[in-house]
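First chain written, first letter: the chains are A, B, C and D, and each begins at residue 1.
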Amino acid sequence: MKRLDMSDRDDRGGGRPEVIALSFPARADLVALARFTAASVGARAGFDVEEIEDLRLAVDELVVSFEAVQAGGTIHLRYTHDAGTVTIECTVEPGLRSHPSEGIAGGELWGGDGELSRQLLDALVDEHGREQRQGRPCVWLRKHRANASA
Amino acid sequence: MKRLDMSDRDDRGGGRPEVIALSFPARADLVALARFTAASVGARAGFDVEEIEDLRLAVDELVVSFEAVQAGGTIHLRYTHDAGTVTIECTVEPGLRSHPSEGIAGGELWGGDGELSRQLLDALVDEHGREQRQGRPCVWLRKHRANASA
Amino acid sequence: MSEDNGPLVVVDGEIDLAVAPSLRERLETLLAAGHSTLYLDLLDATFLDSTALGVLVTVREQCQRAGGALHLIVTEPRILKVLEITGLATAFPLHGSRPDLAGTDQGDETTRHE
Amino acid sequence: MSEDNGPLVVVDGEIDLAVAPSLRERLETLLAAGHSTLYLDLLDATFLDSTALGVLVTVREQCQRAGGALHLIVTEPRILKVLEITGLATAFPLHGSRPDLAGTDQGDETTRHE
């Protein structure tokens, strides 16, 4: 599992990277927001239809990887694209678990899906990882357009 | 035009209001993000299909009201819902206008649409307004569900 | 040229800030080519905001100045609602279906906007 | 009960974290009612993530333990891709269309999941 290299992000391709940020409560019926935003960013980055579908599934996998622990928390997503490369970072801000049944967590339902999620991410994106960012867990991915100029 | 009253927001209905935040570069093809997010928030607030369509159009009108001035800037949207009431605030962070032709602005195309926009907002939402927020322009709207408990 | 006939332009999907400029360009190209009456097919359009409406109002004025009209073909209730809210439902000749294409020059000019 | 016949469950749209729990509930209700073989119609499903896949894997094991199988009816390339990536394309009996409903109890049990 690689570490997210931020250093070369801002000057790749000589352009300004576009940043889209999205935060929402960790609830199952809001995960679609993460997918729709990924599709928009993929389209802006010049991804083709298949690559956009890959990105939609990959960001879904990032977000659901936080489910069990973080019900009641807030999901923060940061989408960047630059020269045909999309980077998505997902962090979670823990919340008070006042309504556990309503959160993204599904209890024992989700046990053991981490392996499926990892297999999907391995296949769908070029790089992905999990690390601590200012004391909070962060999962991220990076995907290049097939015909990327970078 | 009313001022946005923030004071009663956090305790209406006794619940925790849900907050969804979205930021994106002021570009025409990203306005769809604002609409999709509005639809998700409307659904969470219990709006019916017609109310959700009203909300989608209304947030579009908030965002495009910033077009001409703010090409190259960043649009910040904050969606809150609580007890069947949705509040959306839209502020703009000015940017360097390095690529004026690519931004949301369409030059003279948009001149005179403010009146159409205002008519639509008047009809579609319960309250809307424009004010300065920490030195930046902020447009906002509030819409109640027809069968809202509040 | 008859005032009742004119080229047909078809747009579908969401007619918003991203699409309005090219719609305007398309309609104004036909005006510049000498057409004063235009037909805009919105049957497969699902959304129309004030920026698109601004284009329709502007082009409508240009058509009228040239002695013609901008006809809208629209059935989508959301788009009719937008026209009604803004008081524009009576400003355009509205049609519930495409006019018969026979005998006009619409066949050639019909182009799908996407 | 024949191992080849069983109730049909239909799901459409995006099968994700929001939908997976009710899908699981629906399938397990049929298992609890004594069915060991189930058919899941994914013909109108457009998206399937690891949480939905986790449900399919769990229910498949329950079916097999009861001497039956979980059949998937799927043609969507995106869903086939997900099955292939995770090595599960050969773990389920796959069908390109709905089995003939005649002579089974599927007619009664068929329910649309939405």
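As a convention for this text, a residue touches a chain if its C-beta (ideal position, glycine included) is under 8 Å from a C-beta of that chain, and two chains touch if they have at least 3 such contacts.
Remember, predicted model here, so these are calculated numbers, not experimental data.
Q: Which neighbours do chain A and chain D have in common?
A: Chains in contact with chain A as well as chain D: not a single one.
Q: If you average the Cα atoms of chain A and of chain B to get two centres, how far apart are those centres in Å?
A: Computed value for the inter-centroid distance: 25 Å.
Q: At what distance in angstrom does the C-alpha mean of chain C lie from that of chain B?
A: 28
Q: Approximately how many whole Å separate the CA-defined centres of chain A and chain C?
A: Roughly 41 Å separates the two chain centres.
Q: Give me the residues of chain B that touch two or more other chains.
A: 29, 32
Q: Let me make sure I understand the interfaces: which chain pairs count as touching?
A: The set of touching chain pairs is A-B, A-D, B-C.
Q: Using the touch definition from the top, list the residues of chain C that touch chain B in their complex.
A: Answer in residue numbers: 14, 16-18, 20-21, 24, 47, 49-51, 53-55, 57, 78, 82, 85-87.
Q: What residues of chain A sit close enough to touch chain D in their complex?
A: Within the complex, chain A touches chain D at residues 28-29, 31-32, 35, 53, 56-57, 60-61, 64, 67, 104, 106, 109-110, 112-113, 116-117, 119-120, 123-124.
Q: Within their complex, state which residues of chain A touch chain B.
A: 16, 18-25, 27, 29-30, 32-33, 36-37, 40, 43-44, 98
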